[in-house]
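When the chains are written out, they are named A, B, C and D in that same order, and each has its own residue count from 1.
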Amino acid sequence: MEIDILKTLIFYGFAGATLFFALLSIFSFRILYSLLSAVCVFFAVAGIYFTLGADYNAVIQIAIYGIAVPILFVLAIMFTSDKLDKKTYITVQPRFFFSFFGLGVLFLSLIYLIIISLSLNSNIDWVMQKQAVFINKYQMFKAISDGFFVDYALAFELFSVLLLIVVVGISTLGLIKEKTDD
Amino acid sequence: MIELLFDIGLYHYLILALILFSIGFFGAIVAKNMLKVLISVEFMLTAVNINFIAFAGFFDNIKLSGFVFSLFYLAVGAVEIAIALAIFYLMFRTKQSVNTEDYNCGKE
Amino acid sequence: MEGTFINNIYTVILFPLWVFLLIILGRLLNVIQSRRVISLLTLASTLYGVIFAVVTFLYMLKTPDYVYENSYAFLRIENYTLNFGVFVDNLSVIMLLVVTTISFLVQLYSTNYMYKDRSFPRFFAYLNLFNFSMIGLVLSPNLFQNYVFWELVGVSSYLLIGFWYKKPSAADAAKKAFLMNRIGDFGLLAGTIAISYFIYRYSDEASLATVPFSNIGNIGDYLYSYTNDAVFVIICVLLLFGSFAKSAQFPLHTWLADAMEGPTPVSALIHSATMVAAGVYLIARLYPLYSLSDGVMNFIAIIGLITALICAYFAITQNDLKRILAYSTNSQLGLMFLALGAGAYTGGLFHLVTHAYFKSMLFLCSGIVIHSLAHQQDIRFMGGLRKYLPLTAACYLIACISISGLLFSGFCSKEMILSGLLKNNHYIFAVGFLIVALMTAFYMFRSYFVVFEGDFKGSNVPLKSPFLLNLSISILAVFTVFLGIFQKGFEHFIKFGNDIAQSENLLNPVFISVSIAVLGIFLAFVIYCKKNKIIKPKILYQLSYNRFYIDNFYDFLSKKIYYTISNICAFIDKYLVDGLVILAGLNTRALSWVFSKMQTGNFQSYLAYAVIFLAISFAVLMFAYTMIMQYAFLSGVS
Amino acid sequence: MQHLSVLILIFSPLIMSAILFTPFFKNNEVRIRRFSKGFASLHFLYSLLFLVFFNPLNQGISYYEEIKFFGTSWIQPLGFKMAFGLDGISLLMVILTSFIFLLALIASKSNIRQKHKFYYSMIFLLQTAVLGVFCARDMFLFFMFWELELVPMYFLIGQWGGGNCKASAMKFVLYTFLGSLSMLLGMLLLYFYNFSTYGTMTADFSAISVSSPEFPIFLQVFISILLLIGFAVKMPIVPLHTWLPDAHTDAPTPVSMILAAILLKMGAFGVIRFNMQLLPEGFQYLVPLLLIFALINIIYTAFVAYAQMDLKKIVAYSSISNMGIVLLGLCTLNLIGFSGAVFQMVAHGIISAGLFMLVGIIYIRTKTREIADLGGLGDVMPRLMGFGIILSLASVGLPLLIGFVGEFLVFLGAFNSPVDELSAPIKIYSVIAISVLVLSAAYILRLLHKTFFANIFEKWSKINDITNHEFVVLFALILAVAFFGVFPMSILDIIQPILANILEIFKI
């Protein structure tokens, strides 16, 4: 079996970065730091996309999650800036432990599922299937545009309507006045 | 068996997505800061996106429907964040706090 | 000419129904309000029935063994057909005659008697409903239609007993009557369905599955051959339960005395003459069936004898005039059962006919008395009414003589029963019969002497009785006096097998029964007219006055036991079933505290619950999945 | 016959419920009410047209229509179709539905005081859901409408009810929802089994209705139980019935009428559609067990009803008892009992609607339903008492009224049943069941007497008799009660061929 060691290293690099920054983002004291870590996560995930051949998705990911969304967050942080960031660190309610164990069980059972399916179905080729064909960039763009404008045209139109609704909705939300009675 | 670790296949991506999803979920539960909760939700969305693209990359080389839908999903995520932030800001105006403990409006 | 009448005899059933609907709808839509119109319509419908009955009867006299049947399918499922229709034979035409004539006279009576009542139209509507159902019952071609109208007469009786629904006692009495009758209906329906099952399942003739009366002999034979003795007896007893309830026989006899809460014409029509006789009528109809088993026949006779004895015994000490008559009715019905059960078929039925006339007359007389004393029913406050109501007193006396078996029609019918009993060698029953006859003569003349002789004990001067009331009772008196003449004709008209009373040893029973009756009258005369003090045996008196405490026992059964069972069930339902389903009592404090603590209102805790739930379900699913896969591998599916 | 559209029949109430929100209606409650009533009567007439052109000898489906989306069926890849069809039973239920909804709308006038627009649109939504359930020819379409019915019911009970109505509505929804989860599981099992055996993805009733010989019996029984749990909640069968008294007590009168008259029938209808038509062997296997449940249903609830102090609860428990008779009829497995069961469904629909209307009328005037507080109302409400007496007598199964025929046929059928004597002594069961004649008379007479008879309380001496629209509702019901009691063949003729067809599947 031939192993593309470069690809392996790239994958583990991006994956490690993703998980590291994700944890960092959740466990950092300052909200700004956690936002920065989140941006790192999004960049790393874009790299993961790249290893899968989804260059276009990676670019969009960076554009939206790497740049646009953080700007929104930064604005929100500026509006709601609180000196006492440490007070809003992480909860020590029972739910911390409950969710920790719950997610642990969930995680383990899913891993178990994966192992079971590996051991049961290893003779089926799709389990160990590689990316059979290296995706041609031209093909990819053609496929995506076909998807947008031919196959899923209805969904696309609906989505544009959704965006319109969102624009209207946000402006309506912005127009809501503060209640005077307390 | 050891080559399973190095030979990057579909399962590596799936497990990565699973871990990221769990972290996101955990963050959404334990974070005290409202904005951090939103960030955690974004992690969960991203994890789902990874699954989309991984499945498409491994099985659907011709039509790449997973790629298309991940794009939809990205846009939906962005929109969701925009609205969530708008609502959060409105709530913040009345509560003057980012602490989730203050937002127990589910209780009547 | 007669053919036209007989072919259209179903209109006799439908005419009263039509009048009933007319009155009810007229009231509802405020169209018909006039009392005169209502009573005229009712009388017309009944008179119509009388004419038809008379014409049919005359035709039947000319052509013996004539049977007319006509029906249409009410229900048809596969080859199971349930017919409704009319069936005319000798027995039903006699019953039709009795029902329509008494009904007509009672309606004539109530036109005056009930005139001042606010609910006059409702009363007449109910009377029409009763007419409809009773005539339908009499003309039923099969047991199913019989059941249908059986229930309908029960309902009309319920409505009429509860006519003055504002009186709690009347309402309770109505309820009691309905429930008791329902117990009988339960038996009748179960028995009917059972017969129907055996015939439908085993015999070739599916048309017999609805138990047509025209073929009852065959059905009895089939049933007897398809079942073993125990099942046959059970079916017969179930059917008999219907008769017992309707005719107020021993275990279910308590409702009849309470039913006297209804208006007096109703008592005269329904609870003495017609409806309560339906039980006897049904036994006569199913006689070929019952007579296949001696056990069943003896059962009928014994129940009849018990009822006759205890009810006569109760009647001796009652103080309410109508209650005396009610227990008397009860006891006479018992005699009819006794007669039928002991093989005196014709005698029993003839007693039914004669009893219908004189008992309804008695009730109508009591109605006049009660009316003239402004609703006073207690005989201790009456007395000497012969001076104020001479015609009523005369009629009452005639009826008393008749019912005691001294003279007139009652004498004939009782003599027929007694000779029938002797002929079939039922000497114990004959002795019982004579004891009943003694008590009958005693209590009837007791009531006569207390009410009509002696001094008046009331406060207000009694009212005169109006013309219409007098007219009805006079006509009935005529019937009572002269009906005995037709004894021989009746014997030939209605017969079962070769059951004709032999006249050789007629003298003995006549002598015995008449002397017994005279003895009873003499005792009553001595005690109540001459006011001789006698020592009342206290225990016996109390037992009789309280009716062996059977009523109290039933009250206890219904009010305490039944209610307790219901409450236990309701408790189980509310706390056990409901509680088990909703997590063993969500209402308890501890759990609700836990739940309220869980509901912090923080969305993140809800998320945590979701995670836990998700994790548990995933873990379980994984476990199950593994198990299934292992099973699949072991069994070699893959 | 081709001009009649099942789609219009089913979806026109939905459209009507949307139309009610147009500016034309604004908040003009009189206009809303009149249009609703007019529409409902038109709908009733339209459903009667189906009856006119119905051919009862056609044993299959008489009216069949399928919606296609751009040339493909509803969910093409999974083989789900949006197909509707009417057979004899459906037709009967459809007509009953539109009849009862019309009467419920008329009765709404005096019961609904607020949020008229929302109320009427919810009622129409409910009507669409119910009609969809009765007409669906696809398992998952059936399920969709079954669940859709919960939404309006939740609002109808929770918004316009009295007492502890929010909790009752929640209880109702949760119960039904849990039941339908189990039902969905059963449906999925059936669907996937069919798929794995024959390789066709289909959920069409007629496509999977043939029971194959290799369908393992334990799987059939398992699926039957799963489905039965769902239907048992709705029907209701005893251990799962406790939502019903609460829901009835707190629901407004028209909703109670609909709930008792139609929604309970959905359970029985589901049993016929799924358990009897699709899984006959499984059903037959379960019959001895179901017979015992039916008996408990009949006798036990009759006792419970006698102990209740609330008028509506008495009627509610009597409903459960009556549905027990339906279940008994379904378990007899012969045509007599089966037709009796379906007839009893209709009969109970009409009678219980009337009884709830009666109780509602009393409640509006006296603001109480406690038996101890009432009495002697016959003095001031003679017309209502007349109606009450007729309805009560019909309810206890008086001959020549509608209640008798169903009960009688069920008992007769039970006695003639081909069910194995060793596993279930059905003759003894049926004799026990006949005792309901006495028990039902006991509780119904208690209701009647404590309400209308005896002395009247001083405080009720001023209340009025029924108004005209209440009169219309009750009178229509009484007409139906009397007509079908005297001419039962008019119903039995419609249903007999299809019932015979269903029974042919059973191997008896």
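Everything below uses one rule, namely that a contact is a pair of C-beta atoms (placed from the backbone, for glycine too) under 8 Å apart; a residue touches a chain by one contact, two chains touch by 3 or more.
In this text the structure is predicted, and so the values were computed from the model without any measurement.
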Identity of the most central chain, Cα criterion: D
Between subunit A and subunit D, centroid-to-centroid distance (C-alpha), Å: 50
Distance between the centres, which are taken as Cα means, of subunit D and subunit C, whole angstrom: 36
Cα-centroid distance, subunit A relative to subunit C, in whole angstrom: 85
Whole-Å gap separating subunit B and subunit D, where each centre is the average of the chain's CA atoms: 46
Subunit B residues counted as touching two or more neighbouring chains: 25, 29-31, 100-101
Residue numbers of subunit A (touch at least two other chains): 91, 95, 99, 103, 106, 110
Touching two or more other chains - residues of subunit D: none
Pairs of chains in contact (touch as defined earlier), listed by label: A-B, A-C, B-C, C-D
Interfacial residue positions of subunit C with respect to subunit A in the complex: 604-605, 607-608, 611-612, 614-616, 618-619, 621-622, 625-626, 629
Contact set on subunit B toward subunit C in their complex: 25, 28-31, 37, 100-101, 103-108
Subunit D to subunit C touching residues, read off their complex: 171, 175, 238-242, 300, 303-308, 335-336, 339, 376, 378-379, 383, 386, 389, 393, 396, 398-400, 404-405, 408-409, 411-412, 415-416, 427, 430-431, 434-435, 437-438, 441-442, 445, 449, 452-456, 488-489, 492, 496, 500
Subunit B - residues contacting subunit A, complex: 3, 6-16, 18-20, 22-27, 29-36, 38-40, 42-43, 46, 49-50, 53-54, 56-59, 61-65, 67-72, 74-79, 81-83, 85-90, 92-94, 97-101
Subunit C contact footprint on subunit A (complex, rising order): 91, 93, 95, 98-99, 101-106, 109-110, 112-113, 116, 120
